[in-house]
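The letters A, B and C name the chains in turn, as written, and every chain counts its residues from 1.
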Amino acid sequence: MGEKSDTYKVVIQLSSNELLVQKATISQLNNILNALPSVSIELVMNGPGIDLILKDAFLINTLEQLSEKGIQFMVCKNSLNYKNMDHNSILPFCKIVPSALAHLVVRQHEGWSYIKAGF
Amino acid sequence: MGEKSDTYKVVIQLSSNELLVQKATISQLNNILNALPSVSIELVMNGPGIDLILKDAFLINTLEQLSEKGIQFMVCKNSLNYKNMDHNSILPFCKIVPSALAHLVVRQHEGWSYIKAGF
Amino acid sequence: MGEKSDTYKVVIQLSSNELLVQKATISQLNNILNALPSVSIELVMNGPGIDLILKDAFLINTLEQLSEKGIQFMVCKNSLNYKNMDHNSILPFCKIVPSALAHLVVRQHEGWSYIKAGF
């Protein structure tokens, strides 16, 4: 592991709205940041996973703290459309990508690592 | 995302026979094709995931359309053996690979992106 | 697939303690070894997945055989801490990594393939 940690980049895919999965994912984000302080992390949410960052989400404070630490929250536009939602429905620090799956393909093509959240 | 989209390649692993997972996966295949029209996609099925392409599958028409759009359906021979099935049991446009997991290792080694289907 | 198989390396993430998932993962490890005899495999366990290699695990003999075939079993220290466990709680041939997730990021950065276990 002789690489410089500041070159590490990872997309993490969250597709579940199960509370245990969402809480575990948040713990894991903090664990990665602690182990690799200069890592770039994008949490890419699609399907039921987008529930994490709806404005009525109960983990808002935790998510805001992660956003302030530099973690990017990316939401799938296809998944928002499916729920008849748009940028007004989600937390303001989140970004919308046209297709979460395509984004995951492109990022890995660019050299980012990939991890699927959940059990 | 300045890369040319015609260089994108992705293996998607489907290991579940849950109906919600299978329907979501099919939607995602279409979403990726719409976002990255020249992408190469292989849907690699193992374990219970192979139920998607058995001849009595009820999504046959949808799968045929995806096959005509260029998506490759790859089935794990180990998983077929486990069910005492062979090429006669699966839809004719599917290909059999000796080991789905080994195929996923080799494809990533060749530069393909990887996505795990499911929640 | 013209690459030499002895260059293949894969990290497999196991996050589940469901018996079906754990048994399927063990089968898959053997399937990969059979298909790619010179592959390097690390099974990286985090969260409930670490139950696989606790000392009272009932699959000990099978795991020992896989260890003798060269498969590395890597356990997340964060997950052990969460259960108030340490190296005394796990099978002796397992290694502890400070963060399973960070390890998966680093390994992919180094060129290893990644597979998420489970359905």
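Rule of thumb we're sticking to: a residue touches a chain if its C-beta (ideal position, glycine included) is under 8 Å from a C-beta of that chain, and two chains touch if they have at least 3 such contacts.
Please read these numbers as outputs of a predicted model, since none were measured by experiment.
**Student:** Looking at which chains touch, is this a line, ring, star, complete or other?
**Tutor:** complete
**Student:** On C-alpha atoms alone, could you tell me the rotation angle mapping chain A onto chain C? Nearest 5 degrees is fine.
**Tutor:** 120
**Student:** Same or different: at the chain B/chain C interface, is the fraction of residue numbers used by both copies above or below half?
**Tutor:** Mostly different residues: under half of the interface numbers shared.
**Student:** What is the distance in Å between the mean C-alpha positions of chain B and chain C?
**Tutor:** 24
**Student:** What are the residues of chain C that contact at least two other chains?
**Tutor:** 114, 116, 118
**Student:** Going by the contact rule set out above, which residues of chain A touch chain B in the complex?
**Tutor:** Interface residues on chain A, with respect to chain B: 13, 15-16, 18, 46-49, 78, 98-99, 101-102, 104-106, 108-110, 114, 116, 118.
**Student:** Hey, which residues of chain C end up touching chain B in the complex?
**Tutor:** 1, 3, 7-8, 10, 24, 27-28, 31-32, 34-36, 39, 111, 113-116, 118-119
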